[in-house]
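Before I ask anything, let me first share the structure, which is written out below as structure tokens.
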Amino acid sequence: MSSLSIPVNRALDVICLGRAGVDLYAHEENVDMEDVSGFDKHVGGSPANIAVALSKLGAKVGLISCVSDDSLGRYVCSYLKSLDVDLTGMKIDDTGSRTSLAITEMKADDCEVVIYRNNAADLSLSIEQIDKSYIAQAKMLLVSGTALSTSPSREAALSAIRYARETDTVVVLDVDYRAYSWRSPEDSSLYYQLAASLSDVVIGNREEFDVMELLYKNINEETARDDDKTAAHYLQGATQVVIMKAGEYGSKVYTQDGKKFEQGIFPVDVKKPFGAGDSFAGALMFFLLQGAALEESVKMGAASAAINVSRKSCTDAMPTRQELADFIHSYETA
Amino acid sequence: MSSLSIPVNRALDVICLGRAGVDLYAHEENVDMEDVSGFDKHVGGSPANIAVALSKLGAKVGLISCVSDDSLGRYVCSYLKSLDVDLTGMKIDDTGSRTSLAITEMKADDCEVVIYRNNAADLSLSIEQIDKSYIAQAKMLLVSGTALSTSPSREAALSAIRYARETDTVVVLDVDYRAYSWRSPEDSSLYYQLAASLSDVVIGNREEFDVMELLYKNINEETARDDDKTAAHYLQGATQVVIMKAGEYGSKVYTQDGKKFEQGIFPVDVKKPFGAGDSFAGALMFFLLQGAALEESVKMGAASAAINVSRKSCTDAMPTRQELADFIHSYETA
Amino acid sequence: MSSLSIPVNRALDVICLGRAGVDLYAHEENVDMEDVSGFDKHVGGSPANIAVALSKLGAKVGLISCVSDDSLGRYVCSYLKSLDVDLTGMKIDDTGSRTSLAITEMKADDCEVVIYRNNAADLSLSIEQIDKSYIAQAKMLLVSGTALSTSPSREAALSAIRYARETDTVVVLDVDYRAYSWRSPEDSSLYYQLAASLSDVVIGNREEFDVMELLYKNINEETARDDDKTAAHYLQGATQVVIMKAGEYGSKVYTQDGKKFEQGIFPVDVKKPFGAGDSFAGALMFFLLQGAALEESVKMGAASAAINVSRKSCTDAMPTRQELADFIHSYETA
Amino acid sequence: MSSLSIPVNRALDVICLGRAGVDLYAHEENVDMEDVSGFDKHVGGSPANIAVALSKLGAKVGLISCVSDDSLGRYVCSYLKSLDVDLTGMKIDDTGSRTSLAITEMKADDCEVVIYRNNAADLSLSIEQIDKSYIAQAKMLLVSGTALSTSPSREAALSAIRYARETDTVVVLDVDYRAYSWRSPEDSSLYYQLAASLSDVVIGNREEFDVMELLYKNINEETARDDDKTAAHYLQGATQVVIMKAGEYGSKVYTQDGKKFEQGIFPVDVKKPFGAGDSFAGALMFFLLQGAALEESVKMGAASAAINVSRKSCTDAMPTRQELADFIHSYETA
């Protein structure tokens, strides 16, 4: 069904591009920030999470990112190295930027996350740091859309995508829209469209596709929240697969040859409201790389997401291939 | 030979996008700035010049630009209006930016131009100011590459190009590279490539194509200064025509169907070292819009350039259609 | 000995001006950041610490500062309110700045602190937020020198000092020099000298006075590290008292009438390398406000510092008046 | 009457600090900018004008300023050198700033001036460029208040003033308030007050003193436009003389010993609305340096202003000592 043409015989399975940072999770669950006594320390940031998900499943993965030249930056690097993530493309910045940091309550509802991303290290990545020969060593490139939000990271991400196209590396765009990073929604729409038109696979949720469509005012009216029309709009040129995530309603998957299928979620006891998307993307790519069919790969993505949200942390909660197999087995025999 | 498909029945022939400003030319010729007594005042800026060139030939033309809310901004607008340039897309900025300004010696050699473009009004143009329905009213969109050099003007230019593609407006990219406007040559290369891949016609000189090719290191080695290979690289997808200008050596013109021809210059007594390119682009587009063949249109461009540089000012030196016919006639009967 | 003229019958004893933020202390002691499992949450920032020190001793204290409009900002405010710190002068910023944040190892040696102060909320405080009538309600104004490091906080701090002079509020300048906040050491020297010349009491260590003297190159040569000459230089005009802190060597105190005395430290088992200075400043001001002699006040400052560093946290470790009395008593009867 | 103590035996009479730039005057008088054909080129900028005024009267004068590294910067320097202005303190900036530029209509009423001061070279001057030993070589330092408007020029100006105080160089502050250069009127008020308190002579008009008083809300109410009270407020500490200019109504002069006198204007046929203040300041300082009484010096300032505005240009219109003597003579014998 998918007509992705994945190159073989390359040193790396996937290179992820975008932020890597520190997540601080409140010790106490269901307690307001004022009354939290402290935090547990984890590595976070969507592309770093995806890299970890892939590595734990057994893929060879690299990360193009930037952290600050201090003990938190060293922590991020040493954690990723311990999971065999290749850091050839990791820049250490000593000009005053800081490693991306999120400090979060652990509440089922109204969970507030405070983000420290003023002069974020990852957004200081520039085109000059992107090495075409490194991109050429990977079968897939995963780009987090947040890397497109400001210059010079924007140009780093766009050039990585173009290098990938030139070297037949499959491009996966995870929209990962964070409004606060962008000058205006119109800018988001423009760059997401440019990046999507150069990507083989585009993954987002309905709200993210709405932002992407902002500049297509006519189309937007017609398609308003019509997933089929939205998908059709993007399935042109390079783009082979569009995956529209809808949280508890699962995902809709469209391919350029006009096919469509849906994948539900695996019901679990949810421990936290994040990590699902990154876990999904990691398992999806892993199984595509294994030669699995698109349907099977999406199903494994959904299972991986379920496992992740049923556990407390995020990177540490990414399942191994055995855990994923066990989960599917227990589910299917239940 | 050209397979440009120019729409008919539109209110405007061409919309030009980019800077419009003031040029101050030294009173005295061949005198150093220290000893110049004063300056003559003209409207300038490449896309404004091209708009004037088109208008004087008889085309209906609009300009998307921005000037500051002061007497110099008003002067630019009133001059353009007097030449019937449509200013629907002209923004008047009152936040502290200033109308682009160039102060120049008038010397045959080592002619120094001092550019005042810190917080330039035209670079404050943003995507929110670009109206898709306005772009849809024009047969052609001329984009000056300098508009791509910094945000938010960059996004304004890119979105205008995309709107043009969606509405079948023919896109002409005039590379117009000014190194001082860009963060890095790598950024220039990235955005010029993106813009070129969405343009029907790309016009530049050898140095400009070198900058565009910077990110194609392999290609660059191969093609180093090989005009044919450079042109072939760009003549893909949307791009139908590549015009490579070489000053006194004339121009090489390539089309996507693999054809190529050259056009020499019309020898005249040169009065100043600028204006040729804008005059060329204006006449080229005008004759394409008239249905002339590409060869004929390029020839008229070359003649118009010759007339312009043989006169002292720049906008005022743009020829009328009659002057152009007379010039060609006198040349061919000489 | 001191000729400070402290006003009476005012609603507040002290207003502190400068940063208030969050300190995250590593759970594990003597462990590198990479291996720390998490952090304990505390309120921090030198002027906030001093406000807490004063409040715990029984003074009526206000804080002029700014935090971000999020759960961490609310935490800082609610903690300070719970200790009866008046927050009339606290600004809540929602334009993208972030509450000052420090993440620290807990190591005896080479203890690294990672500071998140890009677009720090407290440095967004501007002159327009300083209310002269509020300053007039306090007997003393404590200004942290870091508030002088960048505009617009610099102007807020300078105007507060000038308002204090106009309304006979005693000004205490705690140099609190952090090189990373300043454009250049020369700028530091200029503003510290301006602020010191308008302050009644100046507190700093030798390294801080070295920075202050940078622009007095002649003087600097002469006095190089000569505490007596340095003090004499500052004891002019408004400045009545100069206190030069020297860590384990205690403090030297100079007054404008030419007197000088030294105060040693109270030896304790040190648990952490910070908090001493803030605890010292708080107790010093408190006892001056009680009408104690300068010698007695400095001694109580030293005792308070000793108590603070013998405890693990910083704000929570500030002693009450009873604890201070007990400490002195046990020390003197030991 | 004045108790200024002017040092003797110094290499320079006056050092002026602040902007030096280019003024472009419309060729045609009483014509709107749209219809002006061109401009005459002059050197301008208040402190540069004052330096020229002093030099033409026969004083030895230096200028601390900055221009851009281009032909306009070279023009400014070569013009000033030709008038024997010492340029030891002139910085040539090549980082993208531009020489201050003013383009003006020549109209009796509603004369619009367009100012190009985005990233102005003179405002890039920083404290590191101020040499105390150079300041020590001058009898007087003239500071233009506009140099205080933004960092790092602000710190350059403040440090120059402090160096002058340390080396007994007399400080003259010309308020020269331009609202567009400042972040807020409150900031203007703060720095003008700081600078005025360190100056021997303060020169401004009523509107400028209003801005200076903004932060003294109580005082402001009382004195609202009461020149005597305003002057009394500033005549403290270092400040010996306050001169309040009132255009066609002449000037009021106050000294710290409580004296006051007024000086009318010399009626002439006014050719342009600027240059008067700079000409006034230059002649005032020149005659003070000659040992003339304050009344005599102010009178010569008024005469010099009259001569300047009766001529078309600004720097070129500064009178020589002989012209000034002739003017006074003709006036007194008229």
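Just so it is clear, A, B, C and D label the chains in written order, and each chain counts residues from 1 on its own.
Convention: a residue touches a chain if its C-beta (ideal position, glycine included) is under 8 Å from a C-beta of that chain, and two chains touch if they have at least 3 such contacts.
From a predicted model like this one, the values you see are computed outputs, not experimental measurements.
The chains in contact with chain B as well as with chain C are A, D. Mean C-alpha position of chain A lies 44 Å from that of chain C. As a whole-number value, the distance joining the C-alpha centres of chain C and chain D reads 41 Å.
In whole angstrom, the spacing between the mean C-alpha positions of chain A and chain D is 60. The multi-chain contact residues of chain C, meaning those touching 2 or more other chains, do not exist; every residue touches at most one other chain. Chain contacts here close into one cycle, and each chain has exactly two touching partners. Inter-chain contacts, as defined above, occur between A-B, A-C, B-D, C-D.
Contact residues on chain C toward chain A in their complex (touch as defined above): 24, 27, 32-34, 36-41, 68, 70-72, 74-75, 78-79, 96-98, 101, 103, 105, 112, 114, 116, 118-119, 180. Here chain D touches chain C in the complex through residues 126-128, 132, 151-152, 155, 158-159, 162, 183-184, 186-187, 190-191, 193-194, 215, 217, going by the rule given at the top.
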